[in-house]
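One chain, chain A, appears in both complexes that follow, with chain B as partner in the first and chain C in the second.
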Partner chain A sequence: MVSGVAVASAAGANAAVIRAGSTSLLCVLIAVPLVLLLLLSVTRHWSYPGLWPDALQWSQWRVMLSGDRGLLDALVSSLLIAVIVAVGATTAGFLTSQRIAGHRRRGVLLMLALLPFAISPVVLGVTLNYGFIRLQLAASLWGVILAQFLFAYAYAVLLLSGFWNTRIAALSELAESIGADRFQIWWRVRLPLAAGLLGVSLFQTFLISWFDFALARLIGAGRVQTLPLLVFDYFGSGDFRLAAACGVLLVGLPLAAVLLNRRLLAWPLTAASSRV
Partner chain B sequence: MNGAQTLDAWLKVQAIRKRFGARPLFDKVSFEVARGQTLAVIGASGSGKTTLLRILAGLDRDHQGRIFIDDRDVTSLPARQRQALYLYQEPLLFPHLNVFENIAFGLRLRRLPKTQVREQVEQVLGEIELQGLDARKPESLSGGQRQRVAFGRALVVQPALLLLDEPFGSLDPETRAAMQELFGRVASQHRITSVFVTHDLKEALRVGDQFGLIADGRLRNYIDRAAFCADPDSGVQRELRFWEALRVEAIGSGAKPTP
Partner chain C sequence: MLTAGAVILALAFAGLYSVGVLGLLSESWTTAHWRYVLFESGVWSALGFSLALTLVTLGLATVAALATVLIVDMRVRRGPFAVLVYAPLAVPGIVAALLSYQILGDAGLLSRMAHAVGWIRSPAEFPALVFDRLGVGIILTHFAMITPFFVILFDRLFENERVAELRQLAYTLGATRMQALSRVVLPLLLVRALPVCAVYGVVLMGAFEVPLLIGARYPTMISVEIYSRFASYDLTARPQAYAMATLYLLLVLAAWSVALRWRPRPAQTPR
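And now, the complex of A and B:
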């Protein structure tokens, strides 16, 4: 009996160690690149094999924030594109996913929504570029928005299709039975119930656009400058410190949004547990 | 007995036909319900009880036949214009709203003044015996309380017709009996006309003024309890024989009821 208890407590201790170890590993894997990026952005000289930079400086941040190197324009473009893509894709995705949920060929349509992810963005960008040149959308802000929208929209459809279950259908019917018209069903039932998931969709589709490089490069053709393109340009010209400073801005904005609103990450988990 | 006629019919259903693909579900189902009366409908699983209610509510309009509520032909009207409120088997509440707002839902749709909404909701809260729980969220309520809220939400909009789809099926026997009593009291007080679907014979006899039996695509209509009990197909005779046999057996074994 005693040995049984001892074995159980040893197994419990092992499980705790494994849990703590895997959590620490996860934190390190996430934190190390971020810390390194931040450090690089303020480094003046870092010689091998030193674990810490020899000297720090803020000059790359001053250069960046002065707006002389096109950062402000790229930031505004990136924000504008990402906001339009996120709002457009989430709105269209929500409406489309509702239609798909009631469709008899639901499985096939959801498979189609997966297609953009089965094709490489570069391949799709090259293909789109041909069509966009014909439509005079190449090398324009709207061309980049439309190209990114295709990916973000497909993603939003896949994410939001999980919302349309039998319970939502029953609640919608119930509201109609009480006297709600179509608008009232959307406004008073569906939208409030989907608010959390819509927030997640807005955030995720914003990220798809915010971090996109291939489509912005191919469709924008150098005329549309975004933050990821700027980071790559700085890096390509050997100015890795400025690239790092720009990278901090690129990563920092969505990170701040997540920290300010943790529900953006937590919602899918809580929703999954509440459905059980 | 099919298509029995009553005076002062509030709900008139005429020759409803419904098919699911090639399979016929209803063939010329007709019945009437007098104002303020409850038609209790029983039937086996899959006999079409829920579909009948959905047709009456306007949630399923793919059928033939006509439906009149208070002499108004509602056959082609969408659900929102019928004033026929459908109560689900599960106490379906809006999870994002508290008890007060769940009950007030129909009044908010009708854009009534705030003071009127408060007055009416508080009155209903009293009738369904849920005073003091108005700020609670649905997930913190028991099954019986949730069903009361669903009932209150229906009551507050004074529907022309109330359609109840085995509403107390998921409740324990004690709560179920209390809800049947509450329904009977409030329905009679507000003169609510209703169709109450159940597979529980005892529940049908408790809540019904008129009775219906769905079988083989038809609805047999019984004008009162006596007619319903007299029909061997209603199951009442079988039930009585069962309890009678049990009683005789208990007497034969000399068992005495505990006080």
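And now, the complex of A and C:
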């Protein structure tokens, strides 16, 4: 009996060691690429077969932030485009999701709203390009914003459609029964209740635009410079240090936001796991 | 609907361009571009290559994520891993491709480590993991990008579906570890995760940045094939890009309409 308990406790200890070892290994595997990106952005020279750079320097950051390389322009236009897309898509998505939620063919409408995701940005960018040229939206900031809006709006509709449940409907009816008009129902009841989810939608639609490469390249046609396009240009020219520095800027903002508040990315996964 | 309308508009533009009705260099209606795309171009190999890479990536990511959730167990929800598992979700494809080149390339981090332990003597001896014809670099990069997402998804399902309790019940009823895994845990998790996996599969099929930066010239994924013809200096190749895009759009729309008809029905409660 005693030996049976001892075997069981030894097996439990082994399992705990395997779990701890696996967790540590996974943490290292996730952290190494991010550390490498940061390291590359401050590397001066890194010759083969060294496992560590020969020399570090901050000059690429100084050069980039001085504005000589057009990084500030790209950073500002990336931020501007992403903020406009996020606010526009979340606002339109919130209103549309409410109309869809009350529709009897809700499922079909949601599938139709998601259609751009099925097609991939590059294919939609290529096929819409002719229309954008005719409308004189190609090679312009507003053209890129409109193209990215299609994807962000589709995502916002899907994300926010989870908000419209029977509880929200009952509270809206209650507010109406005590004399609230349509504006007051939206402003005093629905918006405060949806605030958390609207924040998640703003963040995620911001990311759709912030990370976009294909639409900015195809619709922007080289006239609109964004951070992902700069990473591509530096990568193509073999300047990996500057590409990494742009990459740090590109990853830094969403990474900090996610590490501070995991809900910003976790919410849709939680919803998917409980809804599917 | 705005989004569906945009897709229909895109299909119309692409279709008309591909048959010579629209376009700067078009002279008259023609089926020459379609004949070229359907019978001579690499569109079918690009579609097949995209599908193969998507299936392999999805398969590997599903197995790895399930193994992580089952081995690491509760640690997915606490400690440093609970925070770090979200980090890859904040990395865009373009940066992931840059990192893959720096890690998997012949002078990358893995090659340097192989040199340090004496497995290779020069970068040329390191196996080609980027720009390779089998798409290993693309698979590994997409795998690294989506596996954390699947880990979080399976962990949430594990909790919401009370899989731990059901597994314990199976043990109580006399099931072995393997039986509990194959008959209770895996069916529950995989069936519930199927819609999300399908959406990710479609997204991976149309992946662009990673194959553009670290993929081989041939074979290429369908997005890169369309883009390279569209962005070619030879403007007469542009209608071929539109024909390929139209073909891809039609295939996706067909798959989407099948998915619309085949939505999972709620389970019948026994009377």
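Here is the rule we use: the second predicted complex is superposed on the first by the 227 of 276 C-alpha atoms of A that agree within 3 Å, B and C clash if a C-alpha of one lies under 4 Å from a C-alpha of the other, contacts with A are read in each partner's own complex, and residues count from 1 in each chain.
Simple rule for what comes next: a residue touches a chain if its C-beta (ideal position, glycine included) is under 8 Å from a C-beta of that chain, and two chains touch if they have at least 3 such contacts.
Values in this document were obtained by computation on a predicted structure and should not be read as measured data.
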Partner chain in contact with A:Gln184 - chain B first, chain C second, else both or neither: first
Touched partner set for A:Ser120, first chain B, second chain C, both or neither: second
Contacts of A:Ala86 with chain B and chain C, given as first, second, both or neither: neither
Touched partner set for A:Ile208, first chain B, second chain C, both or neither: neither
Which superposed partner A:Ala170 touches (first chain B, second chain C, both, neither): first
Contacts of A:Cys27 with chain B and chain C, given as first, second, both or neither: second
Of chain C and chain B, partner touching more chain A residues: C
Which superposed partner A:Pro192 touches (first chain B, second chain C, both, neither): first
Interfacial residue positions of chain B with respect to chain A in the complex: 57-59, 78-81, 83-86, 88, 92, 94-96, 105-106, 108-110, 153-154, 157
Residue ranges of chain A in contact with chain C within the complex: 18-19, 22-23, 26-27, 30-34, 36-37, 40, 48-51, 107-109, 111-124, 126-131, 150, 153-154, 157, 207, 210-211, 213-214, 218, 228, 231-232, 235, 240, 243-244, 247, 250-251, 254-255, 257-259, 262, 265-266, 269-270, 272-274, 276
Parts of chain A lying in touch with chain B, wherever the complex brings them together: 170-171, 173-181, 184, 188-189, 192-193
Contact footprint of chain A on chain C as seen in their complex: 1-4, 6-7, 9-11, 13-14, 17, 22-23, 68, 71-73, 75, 79-95, 97-99, 101-103, 107, 109, 111-113, 115-116, 123, 144, 148-149, 152-153, 156-157, 160, 192-196, 199, 202-203, 205-209, 213, 222-223, 226-227, 230, 241-242, 245-246, 248-249, 252-253, 255-256, 259-260, 263
